[in-house]
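Here chain A shows up in two complexes: once beside chain B, once beside chain C.
Now for the complex of A and B:
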């Protein structure tokens, strides 16, 4: 009888508290299902799916950042939607339509402000990270009655944000100490058509890739008076640019002790620059036009995926030899990669096969697979504690 | 026009639509409302001739990010896509 009663007590208890065990979110993450407007919430300890959250709108090209307590994900949708998700309960807490067409976002150093980068109307908007209330609107006017798409938005130390103007050929540095009236410092003529950018993990170097010309634009945030420098200016001079079927991304700064690795635009190369002089050291020939060039957290390997028609393959670069060491056929439509926080595994989304694959990085072996509907971006909560992500 | 639709099998039409929403979508948005590339919706394209659009698809637009697709699409397929974008019936 006592046993029977306690069974009932347990049953009632677990009914009222479905998420029985409290847990942390440090091993959690989200996977964007681009066609359905949904995201999967997953965990990387047992490689399982925990929830599917629906109703997020058009998620092609969506990206996400995390609150500093790693509890919430903020998802930036293509259709201008900004959504706040609770990782623990797997629920959509709030969603605001903040623009017609947007490309990505960032969270401030103190975690209080969400910045969103928009194509239409071109500019950046700042939101309160708790309420998603609009704090300020910064249209990207660069000439009389001309407004630019904004790209490459990142957070930077001292409560700053940095972004670039695709048509305006500028980099803007935003001081958001007073988010209702941010101060803007503008750097003009940085090079033609910056298409994306990244910031070094220490928050010092902001680098924008250029589509309209060869080279990249570098801003040293520790020495703003030096202005924007052009780096790797002639990286393709003996090798004409080919058409680009998917814009490369500059995210996941591929950095080793001595080198920085970047995707070349319209060429089958990964560029290697010396971190001190920013001179081109080497071009590593790769399988196709690189899209993501991402370093394992320790910098020992760099994984590269490619634009179509080569998007069924990834290559792994050995960063001591600066050469491709492994070529892997994965499956059709490898869109994104994300390393676990300490890099023992990497998750790959394989869009056309409706799955996510998990590889060990030490032996390159497949460790697991999860079904996902047209998966694209994969973002782990540990990003919360990395500047620029 | 019937001839054009007849030349493209239903299976190929599916492939073209998949390409349009997934791969063209990486620049034009999956629902074609625009991204780095302009929106490709019927109301935006209504004044643009099919020939212009299909030439853009086949040959790209130099010095813009719009790439040429002639390595994987033939002229009939590009025309089919251009008409589809303009919201014209294919038969």
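Now for the complex of A and C:
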């Protein structure tokens, strides 16, 4: 009888502790702990940590995308690892080493394909988002036996991906309707050494930054016959004697209704261009060399963080006045910022102080703080619903 | 022993069938069954129905918003009922009769407050989104002992709501930081009989349509000191002899990067205005009197449905050419359209044929169909992350 009962108890116990807790996933997100190879799973309604997931390898330059149901996160590690995490159970479901060195990824419009961009050996790979099975391997050959690093990989509407070839000086538009045999349209001679790129939130304008020369390359996906145009011809590092402490990310551009605000390379300025003409409208002097220039979802504020030695501070730009309205000392090593989907709060990684801070964006007040081990990227599940992130 | 065992079995059974199934909620949504007082809970990854929830009263003009975690839907019924549904368990958690006749609602930026707009007795009420407890009742008095119907209620950034007074000819901006004692800023003499309104997706421009005269009233929430401006002064019913089969909804305006596309009242045209100057740019002739003019999330296509007797057809406008590209016969009674968040598909209610159809937006092909009893509004949970819906 005792033995019988204990069997029953075990059964009840395992049934009453389901691996995954039912809850809405729209307010969830992850925080990369770069030094540990781990991520925290958090939620933004009560600002709490739910789980820590370990064993993700080298996350020193990691990013993430989310499944269309906002249940799973896909984490792209620097070491070429692609990891799939279940947000509801806080478990690492699968991890594949897909390359020697990777630089980021994207998820297709329909949520079925994960694309990963690789430095080593170069090229892009497509994976099934359910199984992480390899669907195709697209080497980035730009000349006989020359393969390029790929950068600036983003998803675009109509089941496309777009990326750039660093050594190849090209932009490739990948049609993934048949992910085992993708079609590629190539745009050559777009400028020297594209090093990163962004796509506008409507998925129309793909803009690649150039390392080898000044200016940027713009591809209008609605009008491919126009080819790649050059914009902001004087954008880049204009003083060779001045050091660049950190090359700014292009995904850290803020595109508002009227303006693009973006970091000047190696200078203490945020640049403002008119989004219709791409003419420079203004330079806004800021506290340091800007890294991320991020728009609050409504576009009313733009938050800026900085390269060393100014990475303890953020500034907030008023986009109507196009001027800095607030300077905030946060703490050492502010690496990344992520707004809640409707913009009432922003989460900041403060790497050197091993914490994440949460500020209200209207009053600028600290709302909460979570301990985190050397936090870097913060990614909320709401990204699942947006193109190009 | 038998009795003891059966008790254990019951306990196991109830534990092994949790009320709510764990799953991601980002791909979920609801469909209003207007004649039955019921809603279907669906998901857009496999295009399936998960539950039917009954007992929601008169849903003949119903709308819905979602909690910030995308777990709960709040349904606003025509009869003044406010219903809270759990998407994960498919159950009606709570229902309050909050007025005699209501016209829609909104959820605050932080997700904590539900606002409902009422015809009878008029005014707006605020509720706690967890408990549905009444927080405050704001009668819309515009003159001594005169109370107005309220229309065009939307949420706005910084914990605000905006709505219009139909008889009062006013726009009210409600600050809900303290929802038990909200502050109200009133804009008077905005034009005769505002009948509906919209807010731009960034939460900046509130535009009210006028029933009593031509033109629209625009309030720039970033520049309140400018007051209410009049735009598109000739917009309205311009031929008094021509019948208007259905007054178009203002939330059925499509705002792309460059243009606003919106239904002409009582005419077979979609109008196009420049979003910076609000000057009319073009009239696009269409198949019938347009009702909803809805932009695909990327703005590349705009889908239009029509009033009787043309409500069996939709047309798709190419927003680069500003011309109709496709005319599709769907079936009798196309009442509403909802795009998946990243725009790869659109769901259409076909009321008179008791079904919902799902089309791919790139190829225009039918991807699926679900039976539904007199379906009207379709609302996807991704709305949780957007302002003003």
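We adopt the following convention: the second predicted complex is superposed on the first by the 361 of 389 C-alpha atoms of A that agree within 3 Å, B and C clash if a C-alpha of one lies under 4 Å from a C-alpha of the other, contacts with A are read in each partner's own complex, and residues count from 1 in each chain.
Everything below uses one rule, namely that a residue touches a chain if its C-beta (ideal position, glycine included) is under 8 Å from a C-beta of that chain, and two chains touch if they have at least 3 such contacts.
Since we're looking at a predicted model, the values are computed, not measured.
Q: Applying the document's definition of touch, where does A:243 land relative to chain B and chain C: first, second, both, or neither?
A: First partner only, chain B.
Q: Of chain B and chain C, which one touches more of chain A's residues?
A: C
Q: With both complexes overlaid on chain A, does A:27 touch chain B (first), chain C (second), both or neither?
A: The answer is second: A:27 touches chain C but not chain B.
Q: Is A:109 in contact with chain B, with chain C, with both, or with neither (first, second, both, neither)?
A: Second partner only, chain C.
Q: Tell me which partner A:303 touches in the superposition: chain B (first), chain C (second), both or neither.
A: In the superposition, A:303 touches no partner, neither chain B nor chain C.
Q: Please work out whether A:203 is in contact with chain B alone, chain C alone, both, or neither, and reply first, second, both or neither.
A: Touch partner of A:203: chain C, not chain B.
Q: Tell me which partner A:71 touches in the superposition: chain B (first), chain C (second), both or neither.
A: After superposing on A, A:71 lies in contact with chain C but is clear of chain B.
Q: Okay, in this complex, where on chain C does chain A touch?
A: Within the complex, chain C touches chain A at residues 8, 11-12, 15-16, 18, 20-28, 43-45, 66-72, 87-89, 109-111, 157-159, 202-204, 222-223, 256-258, 275-276, 297-300, 320, 341-344, 362, 381-382, 384-387.
Q: If we count contacts the way the header does, which residues on chain B are in touch with chain A in the complex?
A: 21-23, 25-27, 29-31, 33-36, 60, 63, 65, 67-68, 72
Q: Provide the residue numbers of chain A that touch chain B in the complex, in ascending order.
A: 34-35, 58-61, 78-79, 100-101, 103, 119-120, 149, 166, 195, 211-212, 243-247, 308-309, 333, 351-352, 374
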